[in-house]
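The data blocks that follow each hold one structure.
Each of the next two complexes has chain A plus one other chain: chain B in the first, chain C in the second.
Here is the complex of A and B:
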């Protein structure tokens, strides 16, 4: 973004032009969300009710936590993971099983997050060798899915008591815990990627892998860190998701992977790495959750919802790409 | 004679793996039949060929499984006009969509992974709309009988798949447009500087990819007489596994239709053998995933060893 092409005549103009383009790019999604809210509150009568807003926030929180985590991965130049669903399901199964066996939901949550971390460590190591992240996570997803189905025998794992759902129902001053977790995790992810040495390395590796490597930054270590940040998000999100449904089966939640990837992409984090922020991805998740909820309220069928989501993702990805290109000229 | 030997050394790793897989299947499960296992998964072979073409051109088509599902849905919906006609219309429509996709990727200069993950969702949504949100089936149950004949030892299905692979193989290695895909995949800036048209290459690669996906999906639906809005999702991971296990390079520029055929044979023997032994579908997903990871790791370490060997040789030359 800082490369200066051609002569420096009119540099001031061009700098101003670049700033404008980047400004437009950064404000596209917030403006769209506001527009969607305005349109929805006019056209869908029961939109601004407590229930709707709560549903939107809950849906945002689970996708948002994972999207904030995946941003670290995308920032480090490792594109995205296509094995999110499998990890979420395995963590969820372990959460319920541990909680059922020990009666402690905190122990269950700990086991779920640790499992996600181990899976992330393994994938991070393989990707850190320099292998294609999309293929590795896709393959790892198949392995994790197969293992989960084998552990559970393909059966439904259900919560032993209502206690297992306490993480979803607990609220502080009327704000549900998942939403608080979203805020907390996004803050941590933002701090880690923007204000620490690890985050600096993640950005640099994503920006220019060879230069970063020549400056003594380890690609392997940075990639593993990015995967670990992502995995904590997966663990937390899995616990919150399963706390809501109180049961889980190996082939549940197939839409999670695409929702998380879509949130990161339309949030505006550059898929080439180095440019973006967890906060942007959370805004992306908020946008997806809002549009989905509005369509549910308006009685749009599932197929049409999926189609609209696809159109939105493609159009926004193209728009952001063109704005980014204009901004770097 | 030397060309035969070089052919064997080129595909040695895959041939050995295939032999091991077949032998171990026969050892574990004596009633196992190779032909039957390969027959069942033929659409996968065509889909893997499509993925291989985009990989050779240095790109990636994540939307191929959705494209297959769309073609399947279209085939079932249009089956009233005759199954073959419906199949052809579905394939033509999907090919056009794929060419449009390639054109958009080239014109926008966008990363194909990003673009096709968007179209993955979009085309899946289209499939939901075409199906009307439900699993659909052909009313005329005898319509798919034409696929169950047998000529010599080949079924119409395997003849179609073989013809497609041979045609693609000839196209890639013997025609100018095909060779341009290799050039774009292995050294893109140099290829473009030398005058290879980038946009045409992308339109061709993604057109072929979509067409292969459509053939795979359309044939699956024509054979079973049904289509589901969320069907064929596992074709993406299986197709990538088949192409990569066969030895097509994900870095671009390397791989042939022989690689695809070998990879397809390995994956299909493996999953059909496991299914025959009574293992559930998730076991074959598990094994396929392990195979996929193992093969990319093996390829990585072989490349590292080769690099190391080259460096040692250069050092020796320099010292001499």
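Here is the complex of A and C:
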């Protein structure tokens, strides 16, 4: 137990100190991204071109959509889903198969999103019963991966025609659809978590599950809602991802889960729940995409890229954690 | 024992403040070898603060402590242990997954670094025999033990440390009579070995069984020590209370209305008898009892968060759905938990969102929160409850205990409650804010809400309530209007007759 010493810092000073610390915490990542851009524009010759920025935004969009969705989960105090990759692959397979069979990419997208929602509902229900979300999503991920491998027989599922890639290539005024989807989905996720009763419950359950229960907020219902928001993100991201690659296999995209978790973490959403925002997670995804793209342009090898990114994520997360602690004292 | 005996422990002029709140003022305690001293007092009187100081958990602001005539600085727990002090805590400090023997060496300074289970078990057996646990296998994990056995292992841990001064902090609060007897036997044996004992308790019966002298705490001050042989239960109770019911409490209701809530042979998990209570319009009904008396379980059952085994609760003549908190809220039952930090408020969240948490759906359309409406209602509730409505964005965790409690109660105004259930309404709240909270509760009553308060503070229950019901070990015992109780009666009833008259 810690003792409370008679503090000499008055309430006003303390409030000012807290505000400063929280201010630093909230602006750390945007400042870092700007710095990285400036440094890269100077040191990497072909960096600040339309093509590079477009590539960065495209790379951000898919991770960003999932990170914005996963933020709802993290906010509700349910940590992360470690089964992202498996769900994306299954939804992707269903998208291609449906599109191939019916010739309608919209029907394909609908089936993909519905599949993600069903998977999310199941996992949300189990976690809502009080089971550990990490264990549940990890286990569900394995089951989903196994199912996908059995459905596809381990074969590559390919697009029947180039039409299946229209979601990735379509653009409005030069802005690719995935980027527009990122903006739209983030706006929706933000609205849901900040302006609706569901979002309010998500935050409150994340802050304190027991107080939430005593205030009449259902942990089960809130957890399921959080999983559903996340699942819509997975469904959309899966369609966009497969529209880019035009093919998918059961063991594709192993890096997705880690990237999404990292985006949420360095975005500054509290692992313990309650505090955070989908927008922050998208900024986190933008940071990861930018750093990766710079290293690609600078010719850094893949192993080194993962290493550098890992170190940056760990350092950032620790810094944000320390700032949060200072800000709440 | 004669007057020239050196004192084992001599604490003089001990004072301690937390911010503006004086927890201890000028406390003196003297303890001789082989002596058992009982510390008595109401909640918040300062007993646990002096125990924490002697055990090195907190440092006093003023005063000196001498052990065997030498002045000592007990600024850390290990300094206190080195000086020969050991504490048997009320909460268990054993590690559940480790074995009994392993727990016995845990935290011992001179324990061997080598983990030798067989040697450990042999020495453990000898120690366990001294607390009457000779039949217990030392390799049993502690989590498999009964509460009484855990308490005895806790005491055995202290024996393993060979301390000169042993502090018992309410060691029997969760035990049954037979189990208490085992603890008392061990205490007597320790005293006979020449150790000095400080025994903190709420149970008066025990005091007369084992103590040599009694020190009573009141409002952070210690009264001069009294020989047990010069005392009786009534004297002790008068000394503990020491004051009349003052201006702290608002006027009681003059007339009570029709019955609003009624329990019919309600049986709740964790209690033993059936509970029959009637709550009338505009009434404050006080439930009181010691830890484990069942008041908490009954309150939570009516709130919808504890299992109901049998019986029903009627609200305005209709059967109340006790299946969840949500249903209770819909029917107009508000509930404030006894531990606001744990499950009463959201500390990391602004006052506004805390206040609106039970009723935010009412100010929303199609799931979208109408923030203007929410804020307007919350501000109104805040001003009702004397919460500074210009600071609605302040995080509740940054408020004082009293203001946090106001938020914990005030958030229920917005559901237009028929019945408000409040457990421990002023735990950890300073005197000024207490009076305010009492006045607010009474004010709510006058506006037509009926209130049930449960508290282990008999003074508070008596001062605040119109009707008082007592509980003892899971059974409802006596219920009568507050005017027909006197405080000594109530204290005696709560501690229970047989025990107090023993």
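Everything below uses one rule, namely that the second predicted complex is superposed on the first by the 320 of 329 C-alpha atoms of A that agree within 3 Å, B and C clash if a C-alpha of one lies under 4 Å from a C-alpha of the other, contacts with A are read in each partner's own complex, and residues count from 1 in each chain.
We adopt the following convention: a contact is a pair of C-beta atoms (placed from the backbone, for glycine too) under 8 Å apart; a residue touches a chain by one contact, two chains touch by 3 or more.
Quantities reported herein were computed from a predicted structural model and do not represent experimental measurements.
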Contacts of A:200 with chain B and chain C, given as first, second, both or neither: second
First, second, both or neither for A:300, with chain B first and chain C second: neither
Chain B versus chain C as contact partner of A:275, first or second or both or neither: second
First, second, both or neither for A:214, with chain B first and chain C second: second
Touched partner set for A:130, first chain B, second chain C, both or neither: first
Of chain B and chain C, the chain that contacts the larger number of chain A residues: B
Partner chain in contact with A:322 - chain B first, chain C second, else both or neither: first
Partner chain in contact with A:143 - chain B first, chain C second, else both or neither: first
Which of chain B and chain C A:44 touches, first, second, both or neither: neither
Intersection of chain A interface sets (partners chain B, chain C): none
Of chain B, residues touching chain A in the complex: 60, 62, 104, 108-111, 113-115, 117-126, 128-129, 131-133, 229-230, 233, 236-237, 240-241, 244, 250, 280, 282-283, 285-290, 292-293, 296-297, 300
List of chain A residues in touch with chain B within their complex: 79-80, 126, 129-132, 134-136, 138-147, 149-150, 154, 250, 254, 258, 261-262, 265, 271-272, 301-311, 313-314, 317-318, 321-322, 325
In the complex, chain A residues that touch chain C: 1, 3-4, 6-7, 15, 195-198, 200, 203-204, 207-208, 210-218, 274-275, 328
Chain C - residues contacting chain A, complex: 17-19, 57-59, 303, 305, 324-326, 328-329, 335, 337, 342-349, 353, 357-358, 360-361, 364, 367-369, 371, 395, 397-398, 411
